[in-house]
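Let me give you the structure first, and then I'll get to my questions.
Letters are used for the chains, namely A, B, C and D, taken in the order the chains are written, and counting of residues starts over at 1 for each.
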Amino acid sequence: MVTYIIRRLIWAVVMLTIVSIITFGIFFLVPRLAGATSESLAARYVGRTASAEQVKIAADKLGFNDPLIVQYGRFAKGIVAGADYDYGPGVEHCPAPCFGYSFLTRLPVWPDLMDRLPVTLSLAIGAAVIWVIAGVATGVLSALRRGSLFDRAAMGVALAGVSLPIFFTGIVSLVVFSYGTPFRITAPGGSFTPFDENPAMWAYNLILPWITLAFLYAAGYARLTRAGMLETMNEDYIRTARAKGLSERRVVVKHGLRGALTPILTIFGLDLGLLLGGAVLTESTYSLPGMGKYAIDAITNQDLPKVMGVTLVAAFFVVFANLIVDLLYAVVDPRVRLG
Amino acid sequence: MQIRRLGVAATGAVLALAVAACGGGSGSSTPSSSGGAAAGANATGEFNAALTGVVNPSDKKGGILKFANGGDWDSLDPGDTYYGYSWNFIRLYGRSLLMFKSAVGKEGNQLAPDLAEDLGTPSDDAKTWTYKLKKGIKFEDGTPVTSKDVKYAVERSFDKEVFPDGYTYFNDFLDWPKDYKGAYKSKDVNTDSAIETPDDYTIVFHLKQPLSNFDYFAQLPATIPVPKDKDTGAKYKEHIISTGPYKFEKNEIGKGFTLVRNDQWDAATDPNRKALPDGYEVSTNVNADDIDNRIIAGDLDVDVAGIGVQSAALGRVLPDPAMKANSDNPTSTRLWYTSINGNVAPLDNIDCRKAVQYATDKVALQTAWGGEFSGGQIATSLLPPAIPGHEDFNLYPPGADNKGDLDKAKEALTACGQPGGFETNISYRAERPKEKQAAEALQQSLGRVGIKLTLKPFPQADYFALYAGKPGYAKDNKIGLAMNGWQSDWPDGFGFLQQIVDSRVIRDTGGSSNISVRDPEVDKLIDQAMKETDTDARNAIWTQIDKKVMEDSFILPNVWTKTLLVRSKNATNIFVNDAYGMYDYLGMGVK
Amino acid sequence: MSFLELKDLRIHFPTDDGLVKSVDGLSFSLERGRTLGIVGESGSGKSVTSLGILGLHKGGRARISGEIWLDGEELVGASQEHVRGLRGKKMAMIFQDPLSAMHPFYTVGEQIIEAYRIHNDVSKKVARKHAVDMLGRVGIPQPERRVDSYPHEFSGGMRQRAMIAMALSCDPELLIADEPTTALDVTVQAQILDLMRDLQRDFNAALIVITHDLGVVAELSDDILVMYGGKCVEYGTSEDIFERPEHPYTWGLLGSMPRLDREPTERLLPIKGSPPSLINVPSGCAFHPRCAFEERTAGRAKTEVPELLETEGGHLVRCHLTRERRRAIWENEIKPNLEAS
Amino acid sequence: MTAPMDVTGGDTQATPAVVEGAGGQAIQGRSLGQIAWMRLKRDKVALAGGLIVIFLILVAVFAPVIAGAFGQDPTQFNSDLIDSSTMAPKTGTGISADHLFGIEPVNGRDIFSRVVYGARISLLIAFLATLLSVVIGTLLGVTAGYFGGLVDSIISKAMDVFLAFPILVFAIALAGIVPDTAFGLTGDTLRVSLLVFIIGFFNWPYIGRIIRGQTLSLREREFVDAARSLGARGPYIIFRELLPNLVAPILIYSTLLIPTNVLFEAALSFLGVGVRPPTPTWGGMLSDAVRFYTIPHFMFFPGMAIFITVLAFNLFGDGLRDALDPKAR
């Protein structure tokens, strides 16, 4: 078990390294393919009015003329060991993990990211709680009453749910429940109150994105749970449980759900991992200042250090979530051996 | 809510009647004048009331004003900010040598001394400008403000690597030592050739060339003093040391900040600021549509960006007489225009450029920019009506209905040797939907005479530095037309025109706002205007420049911006200051 | 009245394609301590019958009619809740594939304990002790340790023993074993059959063994019921069926039965054709399309559903052939063939 | 040692599995396709989805004809129908016999023809991107599954890495920084190719994993052994023996990937990195409509277009899966 975890951790680090290399490579190469030179990249650092000479000096100082590998090495070193940054009046040490400094705000990326994290965390986890409860409950009920009116209605809604783009439902929800004064029940985002500051405001600001995001996922989970339950409830061991004289409730919950939920756990882990790296569409629809919005803003401004930072943090969550899921799986399903 | 608002409107109307007799003059009274705010007060329930008078005048202190920003400041650092609203707002926490009066309408265009005791004293043919500082002005930590702090502030703003957002007026015009690189990189360089501080309360600026209107430079936020020992360079914007009536309590870049009273601010040194509210709550990066809705609902006081309501709110406010009556529609000193790049064939031919002028459907453009209320007034030349030197002329009348004169356009095309039209690209900033709409409108209207445009969106942040504003890139990529906009840095011809028509500001490295006007004659005229000390003569030269640029057809003027502002339901002393073309943030109080 | 009596039991499933008559008028009775073997191909309705007795079709889509009497109680009309209380306690079932029939996420012990505690108000500790006892009793070595193993950690035979232990944990009076040995290899099959025989004797339960394999019932059963197309086609004592079978289908089953007393090289005699559709049951005798002797019924087999009639001493047969003709065919055509081949 | 006639070894399902081949007809002789088609024909909902899909494809193909029938061009301004103070259509929506779905605010473009033309971009990108994912995913999935060992572990790890990418962030970033002329392409062609590449390229591991799993199980089947024992080589076995048996899963997951890609394209267009204006896209229209939420018909039509398209593909895909692989439901 321990060796397995260590091996997985090493692989996680390797994977993050590969992701960072690819990301760095692409963001290094594509602008250059697009005709950017190291000077034009450096120009972003020195303001609109710099002379050609100043730009050239800056390009050298920032190392934009070095080979890709050297630049990547510097970037990687910053993450591991920190880096020094000349910000004007003096040289400042940017402690590890240093993702460099934004082209535009000239502020270090890492604290910025950590600032955005609580927003995405609140959004993702809040929504996850809703969608798991709603999705699984609906799926189970649908499976148990397969073919009933409830089942048809629920599955119809669920199919509609997975077919609706979130930026559409998001806007509609904003218009109906937030902009529209008669039904104004919530803030349209843009504002985020940390949980420890004011839990009520925290929830008030997030309720709409939660529900919209949860609707999308709940729909998918309801479909998955239903399919899983139908399959599980057809398993021989369910018949055995019934033959033992267990109450139907116990059969469903203890025997059926347990089996059906295991695969959903995997999907849940991956979904949550992806979301934690930034619910891009939800955050931009509701102007929530989370990681996803940060990513979009960084991309629009072609602020490479920010893009790198947010990509790596997002990848970290996916890799980490994968690891957790695999470990949990071994706990949940005794047939799974780690190794 | 409805009832309360009506009640307010009623009392407002009575007040307006009462003051009508003594007010009289067109915006002649200001809330800061001794007569009290009641003078010049207007009825609250009238469209455009705040353009000519103070709405809800009051001297009541206390309360918190709530501001929101759909985007974010370029920087809160006085040495690094170049947004109009930021200059309006910065007066709350920073005091520059001079300032625009916190006054209604045109009076707001007048300069008043702030740190300085009086306006500048020119000498040496307007090449040297001297200011005396008031005594008793302190930073928020109690340290007295001296002329050295002002000098340091200007010196640090020189470094555009650290402060890329700011302007370069001081860099360009002061007589800096050779190879000077700013306060950080040229630490021990003697800069007396540019700025002298003979004593703690005197500051002398030395210019390379005569400049008759240097006082406008002296109101720039870069003259807001910065204590050298508290300066953290690029990070100073996180911890700004205030000299104004308010200081930062909490500042989270990207989310917002709060201002509270600065107990070191002494009202006795400051006749311009009433400092009515107890503080300000400012949130940034807020959903812009929600800002409008909350202001309409009374949950929020000011959209700090001052660019007017979003399209959606426009559709709510204008058709509703009650809502419309609670809004103002100022014209700002901003021109939206399209640069016509003479470096890109076939636009190097003046007739081809003229064809663009004639073929343009100005009405469609106006709608694209937001219509007559939130888009603006159809522009026929560069200088906005509010700027001295503006003259009404129209060299390329686009038909009687302003929808384009296709015959003239075809004539011009024939003259240019492209009778069937030609193909070129039009760039715009991807984040600006109105620029996209305008580009689409141009694409549509020019298409009528065979001029085929391809839309090229570029990221806003690099628009001038890397794309449209970079001569090499623009030429190689055949960006013949570029959406552009300019707001006067201050209300005179220099402040409006210099940055966008002087060909000498164009650099190969990109970054200049002028991306199309290259005419040595225009450059000559600009030099002439800067030397001219007689205001009327100077303004006449600016008019001449305007005409010359239009004759060259390097710029296709679109609209002079108008914005639809909705007044806060809770604020007092609401009025539009022409210097900013938006509500004046210094005067406002809370009911 | 016998301990278990089925009277004209019908279990039908409505489907999109029509009504599936899985069990169509089945009757039989069984006493305590006796063993009944139910034999038939896939889809003959034997498993549906067993699940019907346990009441596991209740609440589903099945339409059930007829009567099931267990120890004087009618089960078809009884409430689901009541039948549930009997399941596991009064009647228990052993399933075919113990790997899929046991929950993979719970230990064998947990599953036995659960079954025991549902019907007995005892502490977990007592139940665990009982589970260990039961595992020991079905011949699982080191039951104290194995009780905490998961099903996948058992071998096939051990798993089936555990399954039996679970079924017997509440001392049931009726035990139904559905293909108890099909999933096991031959040597283990024999052990399990021995075990079941021993246990039945100890518990004095009524035992129903469901199988497609006549070899299994030969070992265990007192009586044998042959099902085809949801109906009983032949019923009799073990001796009746093996020595004096009268239904052509039974002959077919016997012909395809591998026997230890035959030479391994011998060819089996499969029944031609495939099991009948349960929706559009062939007209007349359901077996007639596959019956080699159909032409000897003078066409009756095609049109007339034969009745289940007694030939002698409780031996029932559903066939249009006359008794004499059946006997003659068996003696002259089938039996010699079986022995000779 | 079971009797030869007993093929399945038990008939214990509460739902009889023996109902196919009604009337006791032997089911042999029917291909998988025929059986699937028979099942699909019974699934009215899936058929409806399929019909809508066909309808949408026809709409996309004949967009110029359809829009032309109403005399509308998707980029034509109708400024005279716009109220120049509020930028809204003068009649509120502008819906009329000429403009079935009304007109856009600001410029008065015809929403109907823009929605119709939008189907082209949306479906074109979704189909091509799906094709790309399926080709890459199938090739790599089969290769990994068939060869196993080091090849499998490299490909599987590559899939892990791909799945760890924040794909949307990455897609936006890539779509945002590619210039307007690149790889010898320009204009819509470039943008469409780019989007196809981005969407297709990042989605292949999802298909790849499924195909790998299927291949792993197929590899153990007798017919592969048989082929191998006859001396068949890897490529032959892959193309002749494995791929034909993978047609069903490939078909199913392709059908289910298309709607995902429709949503993906819409999201990228919504975020402003899709095909350049004024070429109409549904996502782009929605993003324009956000600012005019007080004019709800503007967002309604493109929103519903996305919804109906995705829903139709999902319905059809679900039905197809049930038909081809009833156990997977």
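Heads up, the rule we're going with is that a contact is a pair of C-beta atoms (placed from the backbone, for glycine too) under 8 Å apart; a residue touches a chain by one contact, two chains touch by 3 or more.
Predicted, not measured: the structure shown is a model, and the values here were computed from it.
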| item | value |
| --- | --- |
| Reference chain B; chain at largest CA-centroid distance | C |
| Chain at the geometric heart of the assembly (C-alpha centres) | A |
| Mean-CA-position distance for chain D and chain B (Å) | 49 |
| Length of the line joining the C-alpha centres of chain A and chain C, rounded to whole Å | 55 |
| Whole-Å gap separating chain A and chain B, where each centre is the average of the chain's CA atoms | 39 |
| Euclidean distance of C-alpha centroids - chain A vs chain D, Å | 24 |
| Multi-partner residues of chain B (each touching 2 or more other chains) | 289, 312, 430-431, 459 |
| In chain C, residues with contacts to at least two other chains | 51, 56, 95-97 |
| Sites on chain A at which at least two other chains make contact | 35, 174, 179, 236, 239, 300, 302 |
| Of all residues in chain A, those that touch chain D in their complex | 15-16, 18-19, 22-23, 26-27, 30-31, 33-35, 159-160, 162-165, 167-168, 171-172, 174-175, 179, 227, 230, 234, 236, 239, 270, 274, 277-278, 280-281, 284, 292, 295-296, 299-300, 302, 307, 310-311, 314-315, 318-319, 322 |
| Complex contacts: residues of chain B adjacent to chain D | 289, 310-316, 318-319, 361, 363-364, 366-368, 370-373, 403, 430-431, 433, 436-437, 440-441, 443-445, 454-457, 459, 477 |
| Chain B residues touching chain A - in the complex, by the definition given at the top | 159-166, 168, 171, 183-184, 231-235, 252-255, 283, 285-287, 289-290, 293, 297, 312, 430-431, 459-462, 464-466, 469-470, 473, 476, 507-512 |
| Chain A-touching residues of chain D, taken from the complex the two chains share | 12-13, 157, 160-161, 163-166, 168-170, 172-174, 176-179, 182, 259, 263, 266-267, 270-271, 283, 286-287, 289-290, 293, 296, 299, 303, 306-307, 310-311, 314-315, 318, 329 |
| Chain A residues touching chain C - in the complex, by the definition given at the top | 235-237, 239-248, 255, 258-259, 262, 332-335 |
